[in-house]
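Read the structure below first, then the notes.
Letters are used for the chains, namely A, B, C and D, taken in the order the chains are written, and counting of residues starts over at 1 for each.
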Amino acid sequence: MMSLDALREDVCRANRRLPSEGLVSLTWGNVSARSDDGSLFAIKPSGVPYDDLSPGEVVVLDLEGAIVAGDLRPSTDTATHLELYRAFPRIGAVVHAHSTYGTAFAQARVPIDCLGTTHADHFAGPITVTRPLSPDEVGDGYEVHTGRVIVEHIQQAGLDPLHVPAVLVAGHAPFVWGTSASAAVDNAVALEASAHMALITRLLTGGDPPLLESWILAAHHERKHGESAYYGQEEA
Amino acid sequence: MMSLDALREDVCRANRRLPSEGLVSLTWGNVSARSDDGSLFAIKPSGVPYDDLSPGEVVVLDLEGAIVAGDLRPSTDTATHLELYRAFPRIGAVVHAHSTYGTAFAQARVPIDCLGTTHADHFAGPITVTRPLSPDEVGDGYEVHTGRVIVEHIQQAGLDPLHVPAVLVAGHAPFVWGTSASAAVDNAVALEASAHMALITRLLTGGDPPLLESWILAAHHERKHGESAYYGQEEA
Amino acid sequence: MMSLDALREDVCRANRRLPSEGLVSLTWGNVSARSDDGSLFAIKPSGVPYDDLSPGEVVVLDLEGAIVAGDLRPSTDTATHLELYRAFPRIGAVVHAHSTYGTAFAQARVPIDCLGTTHADHFAGPITVTRPLSPDEVGDGYEVHTGRVIVEHIQQAGLDPLHVPAVLVAGHAPFVWGTSASAAVDNAVALEASAHMALITRLLTGGDPPLLESWILAAHHERKHGESAYYGQEEA
Amino acid sequence: MMSLDALREDVCRANRRLPSEGLVSLTWGNVSARSDDGSLFAIKPSGVPYDDLSPGEVVVLDLEGAIVAGDLRPSTDTATHLELYRAFPRIGAVVHAHSTYGTAFAQARVPIDCLGTTHADHFAGPITVTRPLSPDEVGDGYEVHTGRVIVEHIQQAGLDPLHVPAVLVAGHAPFVWGTSASAAVDNAVALEASAHMALITRLLTGGDPPLLESWILAAHHERKHGESAYYGQEEA
């Protein structure tokens, strides 16, 4: 079982990957991850540059949002992460990043359709867009309502959150998740690449790109995530 | 209070961020910042590569444009910066950079509309385009008239210069400002990212992207800049 | 003659070029190369990050797909590489990479036409798109059938595989080859640059770009690859 | 006066800037520069990677194309450079690079119009496109005829080669020049940035971007290149 120190180190490392993978400028993103027993989660402190971030600055909270460890104020987006952990017990980590192409799809309120196997390896279908928050939701707890709009979107569409581990919040940016901090950042990288490729594919086809054949989508996703997955090395 | 040496170091560091943030090639940009009492400002010398720039080469001038410290010729754009400091006492620093996407909007004479929260975090509305300079203005003090056209644009539109801390000069490039050198460079990074995202959003929507809901724009800007701002850590 | 150790070192170096040339994120690509006598080939192990890859981890297989050297599981795409080596004895190395622009053309199912000499230096004609795999092909050995669809495509079109050393698999990504690992990676770099330039050329011409004149295409390709090639230095 | 050793060092440094300024992949470009007395020029050897290039490998030739110093074969494009030096005595250096955006304009056979001051600082008008080479020209000395087509283009249009120090060869790529190796590489950087910005400006304006006002174009160019230029520091 992962100790709290190991969890903070893991979350620190995952946050530092955001700029090195080209997903953020300035401090436009944050990663959190949950403890093995699911009762706590660790998140980036607000406004701290990634390069300066150390594991001891990572903030640990319980699922009521109370700070358990850490001296700094947690990310302003903490309440959004918290809503996702509460609603979906199998989510192990959450990434929020204003990555260029994913954010532009969120601004355009256009879903990222599954046009190829790069997308299918990480997302078993289109990455869809939530409704925008209402004035009341914005006025009364903006971040908590951002989380609730995401949860509502996934539940109303009857989606399995680990089947398509991301959503675009209208006018805002992507939220991405996974079973671990490292898997969630991988998914954020895949979302950004899929969005970039989807834009180009649209430009090449007059805005009407062909969807990936359903049987290829299913097979590609299964070879990485299915019961008989055969990508990568056996876990020790 | 910041000493003159500290001011020059601050301006040197901010200028060196221009290439590392991807905002300039060659020497296509410059940053200046004002002393705490508002009576002096420090600016990059003309044509010196960013990597070679040292604090002692930064030129200090008073608000009449007379050189107070420094052996090199100041940036050719100095007169433009000066006009901004004279007209708007609350501006603490100015950035001029021919960053790719922002400059293309200035060339197209198309405003960068607020299409998402990345934009709203830094600019509480669209970043608009000035009129072009007239032949007389160009012939008789090109740089001073560039500054006056910016000031005229902001005053005629009744804009608060710190509410939307940037403008696009028609056919030229962005001018961006802020309360400090570091905040002004952050705003220049945000302008470039917002312009890039706005272009993609336009391509995804046939040139007719939805504006960010007004209540989300206001709330996002307030959480970073309002009286009860709660982003980042408390200042010591 | 190249020893097995030298072959593994060569393949390791070629795989490490994939991220440094900007062709892949995460582990979205792999390079293999054939032994001088053509009976064996060496390939990247599955899911190992490029930066950590060492020659000893490279897996060596024979043309029946049996592992001859190496303790790790070979790339999931091994069966595709194998089909290419079996069908085309003159292919010395194979690169598969989900590079952004090439993959978008594969998703759009639009060939990369030869619009300029950058393309002609490496590919003596358009880079074309295979048919998609059928449900049966996907269900019964996805990777081996990917290879067979490529082979079928080249043979049915009557193409010389070294004349245009690449193909786009519909909805998937490019497969590229060459006489050596280093030449194959060079071709993958050229494919990605040609795809990027072709997209821009299409945008500049309303989607109807002029093809490169046939006599320029032939001459440019010949000066690098013909019998009287005069590019580069004489081989010792 | 610059010694031959200094010239070779200058040319080596300028060639190594091509990849660091993002103008080339692989070995898709070369820089040459002329001796002070105009009788010799130094150029990159063919096919040598930039990072490995040392001044002693740079090849020196006279204006008949005979090698004066250097053991390696000169760039395959040497004959093109030579034609430019012969026709235009004031050209001090030539850059050829398949940079992405400039090359795409050459492929589209669309001129890079002057849409802003970034362009005007380096080029006092549009960067235009030559006619393609005829089959005879390609068959009988491809590189020398590339140079002659450039010279013909400039002379027939009555252009001053230092007023607009670049041309796009149809279906091929840009050729750029200047008074020194470093100025020519600066111009190649400016061409690529201007092409990138021009593409975006076209996308933002439905393909019909406004030209920069003629009086701004003239003034901007003059402040860097005119008789009373005031950009940069005084030369010692």
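As a convention for this text, a contact is a pair of C-beta atoms (placed from the backbone, for glycine too) under 8 Å apart; a residue touches a chain by one contact, two chains touch by 3 or more.
Note that this is a predicted model, so its numbers are computed, not measured.
Fewest steps needed to get from chain A to chain D, stepping only to touching chains, is 2.
Chains touching both chain A and chain C: none.
Taking each chain's centre as the mean of its C-alpha atoms, the one that lies farthest from the centre of chain C is B. Look at the contact of chain A with chain B and you find different residues on each copy: under half of the numbers used there are shared. With centres defined as mean CA coordinates, chain C is found 45 Å away from chain B. One finds 32 Å separating the Cα centroids of chain B and chain D. Contact of a single residue of chain A with at least two other chains is seen at positions 203. Taken as a contact graph, the chains are arranged in a single closed ring, with each chain touching exactly two others.
Pairs of chains meeting the touch criterion are A-B, A-C, B-D, C-D.
By the touch criterion stated above, chain C contacts chain A in their complex at residues 25-26, 28, 45-48, 72-73, 76, 98, 100-101, 103-110, 132-133, 135, 138-139, 142, 171-173, 199, 202-203, 207. Residues of chain B that touch chain A in their complex: 21, 115-118, 186, 189-190, 193, 196-198, 200-201, 203-206, 209-210, 212-213, 215-216, 219-220, 223, 230-234.
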